[in-house]
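Consider the two complexes below, in which subunit A is the common component and subunit B and subunit C are the respective partners.
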Partner chain A sequence: MTSSTLQQSDEMKSGVRLRAFLLRQEVVLFLMMMIAIFILTLGSDKFLTLDNLLNQGRFLTEIALVALPMTFIIITGGIDLSVGSIMGLCAIVLGYMWNPTGPFQWPLELAVAFSLLVGVLCGLVNGLIIVRIGVPPLITTLATLALYRGLAEGISQARSVRNYPEYFYELGQGTLLGVPTQLWMVLVFVIITAIILSRTIFGRSLYAIGNNELGARFSGIPVGLYTIMIYAFSGLMSGIAAWVFVSRVTTTRSDMGTGLELDAIAAVVLGGTSIFGGSGSIVGTVIGLVLIQLLKNGLALSGVTTDGTIVVIGTVLILAILINNYIQRRASAVE
Partner chain B sequence: MTTTLELTNISKQFPGVKALDDVHFEMNAGEVHALLGENGAGKSTLIKIISGVHKPDRGTIRMSGQPVQFNNPREAQAKGIATIYQELSLYPELTVAENIFMGHAPRRKIGPLSIMDWRTAFERARELLASLNIYDLDVRRKVGSLTVGNRQRVEIAKALSINAQVLIMDEPTAALTEADVLRLFEIVRLLKQRGVGIIYISHRLQEVFELADRATVLRDGQYVGTKLVKDTSEDELISMMVGRTIDNLFPKLDTTIGNPVLEVRNLWNKPLCRDVSFQVRAGEIVGLAGLVGSGRSELAQTIFGFTPAQSGEIILNGKPIRVRTPGDAIRLGIAYVPEDRGTQGLVKQMNIRENASLAVLRSISRASFIKRAEERNLAKRAIEQLSIRAYSTEQVVNKLSGGNQQKVVVSKWLASKPKVLIMDEPTRGVDVGAKAEIHRLISELASQGLAILMISSELPEVLGMSDRILVMREGRVVAEFDRKDANQQNVVSAMIRESSAPNGTTAPEGVLQ
Partner chain C sequence: MNRKLLVALLLGVVMVLSFSLALPVAAQDRWDGADDLPVNPLDCPMAEGEAMPEATEEAPMDMPAYDGGQPTNAPDLAGQPIVLVDVPKLVGIGYFAATTLGQAQAAEELGNVTVTTDAPTEANIDDQIAVIDNYITQGVNGILFAANDPVAIAPVLTRALESGIHVVGYDANSEPGAREWFVNQAEFNGIGKAMVDSMVAEIGADGSFAIVTSTFTTPNQARWIAEMQAYQEKCYPELTWLETVEAQEDNVLSFNQATTLINKYGEELDGIFGMTSVATPAAAEAVVQAGLCAVDAANAAAGSPEAAVAVVGLATPNAMKPYVTGDNAGCVKSVVLWNPVDLGYAAVYVMRAVVDGTLKPGDATVEAGRLGTLSVVNGSEVLLGPPFIYTKDNIDGFDF
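What follows is the complex of A and B.
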């Protein structure tokens, strides 16, 4: 085939491409989100207001920060169940090191930096166990979920740390240019991770690992190193989530972040990332996050009880995944 | 003597290949009948037909004179046909007795319940093993904790527990130690005395001469002949196995052979790479022949850094190099087209563009960002250069034919601009047309000065393409032939001969040991 005929056939496919774009997981999800917004707006006139939506952004931040690296991990076919516990441990370490009546009394900035380091270490430990010892990610992080939470409880001795200086709350409660401060942070991380995943060697390698790890190894990709890196990154982001969370709720407790892993995984999977690895995107994860948060909020504003809300969210999750699967199957059958 | 099993005019077609064409086979009670042939000659298909896994397209099967038809392995078992496959089919978490009586365990009644009768099971398992002169095996032990030899004995006992009249043994000694082999031979002789007919498949001709009464040879799915073992010789059997002419499928170009590019000295990587030394020169195609399991792929993967060498030297263009990962090998200019394109060579869910660039992402990116235009051009060039039949660079590789998939793998490694190209079974599972194209490409690459090491289980391919042929057996390079000296006879005999002393007077030239 010559290059000119190849180009022609590329052009002929532009109609097919438009169709392919409309059938993309992210686009389908986005349309579903629009429908949800429309229905929820009918339920309450407070729902579709800028104030409310921005405020929801605050509640979404911690989940978003761990859902981004979770997308990387799930694309490689792994999972990280320990993110909630790492967040709890990092929060406790932050408070414990800073605590003006505690044993260390470090400056707040140093305490924050140290807690982030602890987060990275926790993630590194996960990655090393998975890669060097060969324990499956599910088992490894299930074990460290208990381990890190236990450490957090041991250090805190069930005492909370409060009374942080006023400026510390700026991150969790303040605004910048009218938008909650932490949302800017989320935006930056979304852009960075989206670019890494879609444009770099590293991102491409993650997809290759998730689709065929052996094939990736035979192609010279340092599978072990990359795997360790994403779990360490997940630990770091859990630490950052802890920082934002402490700043937002103005206290440190050892049970912080309990169940965070499930919220993050739900958003990633709803966003179209295959739980078996190999496909997915940051855009999808972001839509998944927003959709879940809007449902929670919109239903609450419409007067649905908390238990009712959970039932509806569960149902929507299953429906969304079924619809998406159906459309993707149709799309690949046509191809 | 009565004929226990008789197959006449058996044919079996699989999509794209004729696996068996008009094959005959017959066996008497109390006979050990060897089934011989190269890889892919149709032995496996034949035993699968006998054991009810496949149904023949044509032909009849008779047992004790009566025509029979097996719709599934259970029906064959019910008629007394038992198979011991290369990969043993036992349940490692269950006891010896449970495995022996799997599916037909002795039962007893407690009221309305029918439960397993453990005492009888253990007793009968012990009796069965004793009848094979096996007294050192605890029937209550889990099979997973047994040695390979003991597991095989359990398999044999299991076969006898269904009163097997015909026992098929597929490469039974492949994984056994010397002592276990001797015990297996004793058991085979014992079964023979009891009138069990045994179909014995082995690549080791010595064993055939030690055990078998008759030998039937298949070649390319066709029946070549049946010989009484006492009336034949190793050489005759070998020539029956390989006696086919090389067709002109191999457009080998004349090349000028230059300096050594890859040199390997005393390379060790146990268990399947033992003290290997050889060199490949610029423009040269070196064929690496050997049976499955002789260590050819292991050698290639050692040089490629997938399983780094334990000791020894790898020298590239005169400089000693260290290869610890495939990444090292790629950077140094060593490329490896792996044996299994589905699991090793490609990421099938990805498209042509992504596969073609996967091993060379570094060279088409700046600061770790993949340059998309360059990547697309790379894929377009690959499609043109290798005439890959695809509608666009974005086509998912999974939807291409086997031959086109293989071309994508080759293009992926050519993109890495290698100095040495190692190809492991480059035309396996590829149709005839694509095969010829790949052969032409290999030949062209060599004439451009690339050093090529080609592993192949297809003798005509090795003989037709190589300038020089190395033969591996049990992890060692045991023979080396020049293109002009090599023929099917001497290469095969180097592949399969057990001992260093060749049988008869036709010692193949160039055997090193």
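What follows is the complex of A and C.
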């Protein structure tokens, strides 16, 4: 008798575990993505082909690179609206420093490194204003969104820089082992950020900051330092996104990256990260990114025009968030 | 405290830096934006009594070699039905609605062409690339495009050519090697001349003017402004060029920028050029709301017509009718443009000719239905014709 109750409770336990797993936001979202893929495959026979899916990776890269640190930031209850402008500024700095007819004429590698440094600096300025002066992230980054874009336009003098050496295009247009080069980069960063967020004290502290900043402070978490670090990281990733983007489109323009912040935030929030902070995951963000990109691509291939596509994506965003909220509320009620 | 000071200092440095960077823009002497191509101003108007500038006829020059690209292994579809996709800079504005209309007219006349228009709702280079990429995957016979950036769009167009898809541009060019042909609506120097001559007709050869453009890097606008400047320096050196401001292709921003110009320069400002189909009506509206229409000013303070601000620009007729013949008739006297319906129409005919093999590299002319014979210029461009000036006498005959 004892053994049978034991077995029963074991079964119950695994049943509860399975249920809890199925109700996780990421899993719900993943199922939604599968449904979307199924429907989109019916729409066009060109959709579910390896070539097409890999090719979509190119379009997803810049948003993905920025969405990863954005996940960190939103988990702490913050937001970074300036990423698109930082990307524009870094792209311009890269081109300006390298430009063989410009004032500096640096080697390309040095120009890339310098533009990444500029990205980090932009992020640092964001972080410093937020932490040291205490301006809310929304206002700070809204201001620097304008400031960095203005700098980009000022430096570029409205001129674009073109004709990079052929090897430079390898990153944005080439392939490595049959996969678009930049996708490997995304993969590495996804793994790194996922490990940092879920397996390190730093990562777990971000959740603590998002849940209760004051509490985190009294628990001895260096809240200010961590906050500055994630905004600087966001700046760095925007710089890397600029590097990939310039390599992909073979030119620099000061309007590069406009609207990037909204695409990134949409993916993060669709991925189940709470905009109020305290919860979220990299896996969720990745699913959010892929789902949006597949919808854009699949709908276009099914013959839906671009204006129709954005209507559908907006609807899916709202639906996904509603369904997820409903399920999470039910789940927590059961517990 | 110390740290706050540091941050404040840092911000201050950034601001000073941005101002010092912003200043040279106003002092810049060339306005050719993204490229450093040479300018080629046309001849000045001949006699004094010539009110309306002559339509600019291009003298035939020795023809440069064909510099377009070619598709690889394109299927031979001569005379057979073809499916085209048209990717303008953006959808939802009157100008590209008019090119779409022209394409539909050509498709109907030809009978064996299907063309659909699809593009982002904002003039964004990356979105446009994604749209074209999707159509390559989907598989079409030909792509018509109007580039948001001549270089950024080149890799995806090259991919289209490599996939055996015919590529013809119109309105805004790409790098020549990334497409087969480009239908050029009007040569840049022709537009530059028509714009400046129309402005001088209103404000005199010693007036002051400002420009509202999209962005300094937008290829067409940048070239036009460069040609306008070259022509102005050559023919009307007494004209004063106050400022050029960016307003994207955004209605509200254009209105605000025009209003700012009016407030900033006051009586000094005699005229505003609108460089886009969005900026020109917005500038006209700003002038109306400031009470500075030529007609208002004459009524309010008879004898001081210099208080008025003239608006000359590129725009579609429907958007400008209120200021030319409608409620605020007389506020705007001349609107410079080509006919975008004809432009879209010609693009489809050129594409059909390419597919049928009747327009090959090295050819000097192409037949384009009701437009007759169009000539090839600059190696791989088909010229639509001289610019068209809409005035109160002819604007009501157009509906787009």
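As a convention for this text, the second predicted complex is superposed on the first by the 322 of 335 C-alpha atoms of A that agree within 3 Å, B and C clash if a C-alpha of one lies under 4 Å from a C-alpha of the other, contacts with A are read in each partner's own complex, and residues count from 1 in each chain.
Quick note on the criterion: contacts are C-beta pairs under 8 Å (C-beta built on N, C-alpha and C of every residue); 3 or more make two chains touch, one makes a residue touch a chain.
Since we're looking at a predicted model, the values are computed, not measured.
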item	value
Subunit B versus subunit C as contact partner of A:Leu177, first or second or both or neither	neither
Contacts of A:Ser160 with subunit B and subunit C, given as first, second, both or neither	second
Which superposed partner A:Gly259 touches (first subunit B, second subunit C, both, neither)	second
Residue contacts with subunit A in the superposition, subunit B compared against subunit C	C
Touching partner for A:Leu50 - first (subunit B), second (subunit C), both, neither	neither
Partner chain(s) touched by A:Ile35 [first = subunit B, second = subunit C, both, neither]	neither
Partner chain(s) touched by A:Ser219 [first = subunit B, second = subunit C, both, neither]	first
Touching partner for A:Thr200 - first (subunit B), second (subunit C), both, neither	first
Footprint of subunit A on subunit C - complex, ascending	3-4, 6-7, 10-11, 14, 17-18, 21-22, 24-25, 28, 33-34, 91-92, 116-122, 124-127, 129-131, 133-135, 137-139, 149, 151-152, 154-155, 215-217, 222, 246
Sites on subunit B touched by subunit A in the complex	306, 325-327, 329-330, 336, 338, 343-350, 354, 358-359, 361-362, 365, 368-370, 380, 383-384, 387, 389, 391-393, 396, 399, 412
Subunit A to subunit B touching residues, read off their complex	1-3, 6, 9-10, 13, 199-202, 204-205, 207-208, 211-212, 214-222, 278-279, 335
For the subunit A and subunit C complex, residues of the former touching the latter	44, 46, 51-52, 55, 59, 62, 125, 128-129, 132-133, 147, 150-151, 153-160, 162, 169, 173, 245, 248-251, 253-256, 258-259, 296-297, 300-301, 303, 305-307, 310
